[in-house]
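What follows is a group of structures, each given as structure tokens.
In what follows, chain A forms one complex with chain B and a second complex with chain C.
This part shows the complex of A and B:
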């Protein structure tokens, strides 16, 4: 007797790799993190785990460093998203012009997004190095500054440097998304607006921006989630310093887990981050009206 | 319709073929794995010396047909805890580790290490140790030794002697804190573009080390093992050390508040500082990259505190430790470590692999003709004597403060760089030294409270 699979079974078999991967690398870690948030777990003693109820959450909410990190996470995320969106839309519009060789520029734009974060962060550490960095060298040679700026050594400058790195790396993502949408806007709309006497700004506000609304909502939501959770850029660039001035919640969770050996507290921080992002996303999507059908006039 | 059927058939064959291949590979894997030698991972600090020791261990493996191969993995100083926690959690620790001693003390107190008194007896460690060291200092806890001595590294004052002489700043060997600060001031004022002194003040391990040795020199401590590990950080001596750091910070590079190990060495070997605090590596780097700097470089004991006379140095009193759990190589590792440690020839090669960073801890190694044949003994004998011998009476570290007993709490505090953070609060946030010290005291007290179980044993 020959073994034969039905079409339905074949379909399930083809889905299995995805389902197994998603369950292993997404569902199980999240479920495990939520479970750990209620346990005391020292990674040096993986065999010993104790149920502590809500103690980990109490500890976090009583910790001034958590609130400091939360505030800094808002600053880091807010400025990063603002600059990425404004620059992303602006540059996408510049690139949405029919010029010879524009395709090469569009390709080059992806460069920062492609290069691994660790390479970029370490390079930027050298670029921002106050003693031998090229930024200070250039500014000194141009006469813009008279003495070296300690880019990563003062709290405000370190945060600004981290934001600049984030904006440089991820603005191309915004540009590509916006550019793709710009190319689908019917040119007749602009022609009609011109006939009606609309200037460039009016055309941007009344045609381009509404047309970009949906894609911008998606881009902003995703970029906000990714930036709020970002760990490696800040850690590699400043390690959360100077002091704790560039801690965000991801760095805080890492410090709790690895430096203080309190994986339960780190997991609880992760759970709080999930809740914050979930609430923030729902509110934002509701307020922006994403996915709502236009009512006929 | 016919096309769809053909496509389905192809998919089925693909699935059946892939399934068969996976099954065959799974069945064959154990047989393939059994063929080669077992691999035992050894963690060493960055630098070639761990690799040299492992070569010696592999020589033992070959001579004894142990069917084992030791492989070295270099782990950065400040990355050991993170890597170790993840590897222990995965129940796959390395077979052998060379780490900064405070981490060894912490792991010993956690009960995670294999006792090595048998190895220390086999290598006659007690009799061979350089005068001034004891076995307990390498990794002892409650009467049991968990570390096999391997090297020591003191953090000292490094000066460019030509600059000191040119400016008439006297003999650094006779300096106290005030004369040292005056020298740093004179260099920064009279040598444009050059810092008077460089130490790490970033939020990192290196800064912790540099800061704590000043605290000890003033007579302060973080925890007192003799008084039940009471937190004693908020003493006038600590405040005095913080005030001194604030004073000399004026003669340091502005970016010192982000400096760690590498930046301090860079600063010195590129001629951007007249003096710095560091271990032997600065001289090694200068010899390789900057002969002019090397030529005038000298090491001195740290300047004495005017009142206490203390010249304490944060010294890595480094030993090999063996994780006890989930480690299938304990017997082989012990035999191989004993084999290499008993070989003066291997231990000389170990020390000479990164001169003068890896100080010999055995008398027969320190005095071996092969050791003394190194070219640095001709060009820098005075400095080598300071690093290898004269520093020993002043050697302690954050897990062995003022040599008053081992404490296992320092590893936790280093994980968070509490000492560095406290100083940064003073420098960056303009907190008073007293307020910054009090903040640090609260952090250390919390660490002690959280880890009472370690102290209780």
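This part shows the complex of A and C:
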């Protein structure tokens, strides 16, 4: 007897590999993390985990370090996203022009994005090294500073350095998204605006920016989620220090889970992060009016 | 306000697109730039609008030289082929944008937009976004945008080419009406000769960056200045055939496919070269009885019915066919013997060397 599959069965069959992968690597870990958030769990004693209800959450909310990390996570995310967006849009507009030689830069664009974070972070540690780093060396030679700055050893400077690293690495992502959108805007729109008497600034505000709105909403949501959750850049560059001054929630969760062996608390921190991002994203997308289509005639 | 171009040239790199044009668009006239795709019509319009800089030459609006002015300073309006409506603004904002940029306060703007919208019968669409409009409605919004500003010069680049045939016919009339109401100088670009012939006061026929003829539609049709204009204007296109000038008893005659036909009296053949190109429009050719004196015999090569008319192609010599446009009642069998005849007064004669029409007698 020959097998005959209906279209529906074939469809399910094609989706199966993805569904299995997603279940194994996304759904199960997340579910497990949520479960763990309600347990006390020491990875060195895996067998005596027990239900503690909301204890983990209470503990976190009572922990001043959590609030400090939360505040720092907002600073870290806010400035990173602000600079990435502004720089990304600006550079995309520059790359969109027909200046000679600009194609080379378009090609180089992905470079920071594809280099592994470890390599970048270690490099940046050298670059920002207060004694032998190139930044201090250059600034001294230029006479901008008169003595070495401890970039990674003072709290504000460490945070600023981490933000600079994040901006350097991920601005290309913003540029690529914005550039792709810019290339779909018909040049006749700008011609029409010129005939209507609009100058360069008006054309940017009235035509370019509104047309970039949807892509910017998406880019900002994704970049916010990724940056808020970011662990390795901060950890590799500053280890959360000096002190705890560059802790964000991801570093906080890591320290709780790995250093203090409180995996339940780490999992609860993760759950709090998910909730924060989910609520933030929904509010933001609603307010920005993304995807609101008007009915055609 | 009239528009005057003096020795206007434009090149993109080494590609010389407009070659030293001298052209005047008289005040309040509707002038069409007509020519095949790629001949430089859009480029010329963009130069007048100030969206491109000329490589050489000058542009005057009235007495004022405008070369250095931005498009916004020239007080022009332009309708683009794609309409170029601002997709993120609703219809009212699209129409009012030029006023807003010029700092007209909102109440006045709203009022002006309302007036324009009523004239164009799009008042019910003011809150819509362009993508929720049909082609004809978009067209009207594009016109409205031009109208709200009271421009000195009104520029249109193939504004009807994206519409279906029926709508195009209606819009031709509306555009002309619109031009008369606006009382501006209008410059209209098209590759469609029907649009050019029906709407224009003057037609500038362009080819390869050069104005081939600049005259009224009647003149361009009845007295084409050269072979290009003769072949480009008219549908189906004019028949061309090589002829030789001979003298019989002192009076010049033309030899066509082994036959002798009297030279048309309207042309002065005194200084004409021996070989000429003869042109005759299919509408001026009739089917004659075989054996009729002066008729040219041949065989029917192809017939085509085009509504109330029929096109009959008659081969009068190897590879030389003459198309006649006749009433559809007149029938012709393929490969049957037939004869064509025409009135010498309707003939056109061209110098094959220069392509120019022979001079006509006064």
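Going forward, the second predicted complex is superposed on the first by the 279 of 297 C-alpha atoms of A that agree within 3 Å, B and C clash if a C-alpha of one lies under 4 Å from a C-alpha of the other, contacts with A are read in each partner's own complex, and residues count from 1 in each chain.
We take it that a contact is a pair of C-beta atoms (placed from the backbone, for glycine too) under 8 Å apart; a residue touches a chain by one contact, two chains touch by 3 or more.
Given the structure is predicted, the values throughout are model-derived calculations rather than measurements.
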item: Superposed partners chain B and chain C on chain A - clash or fit; value: fit
item: Which superposed partner A:32 touches (first chain B, second chain C, both, neither); value: neither
item: First (chain B), second (chain C), both or neither touched by A:191; value: second
item: First, second, both or neither for A:131, with chain B first and chain C second; value: first
item: Chain B versus chain C as contact partner of A:48, first or second or both or neither; value: neither
item: Partner chain in contact with A:155 - chain B first, chain C second, else both or neither; value: first
item: In the superposition, chain B vs chain C on chain A residues touched; value: B
item: Chain B versus chain C as contact partner of A:211, first or second or both or neither; value: second
item: Touched partner set for A:244, first chain B, second chain C, both or neither; value: first
item: Angle at the Cα centre of chain A, taken between the Cα centres of chain B and chain C once the superposition is applied, in steps of 10 degrees; value: 150
item: After superposition on chain A, the shortest CA separation from chain B to chain C (Å); value: 35
item: Intersection of the chain A residues that touch chain B with those that touch chain C; value: none
item: Chain A-touching residues of chain B, taken from the complex the two chains share; value: 8, 11-12, 15, 81-82, 84-86, 88-89, 91, 107, 110, 112, 202-204, 253-258, 263, 266-267, 270, 272, 412, 415-416, 421, 424-425, 428-429, 450
item: Complex contacts: residues of chain A adjacent to chain B; value: 4-5, 7, 10, 13-14, 43-46, 129-132, 148, 150, 152-155, 158, 238-245, 255, 258-261
item: Touching residues (chain side chain C, partner chain A) in the complex; value: 46, 49-51, 70-73, 76-78, 80-82, 84-89, 97-98, 101-102, 128-129, 131-134, 137, 145, 149
item: Residue ranges of chain A in contact with chain C within the complex; value: 186, 188-189, 191-199, 202, 206-207, 210-211, 213, 294-297
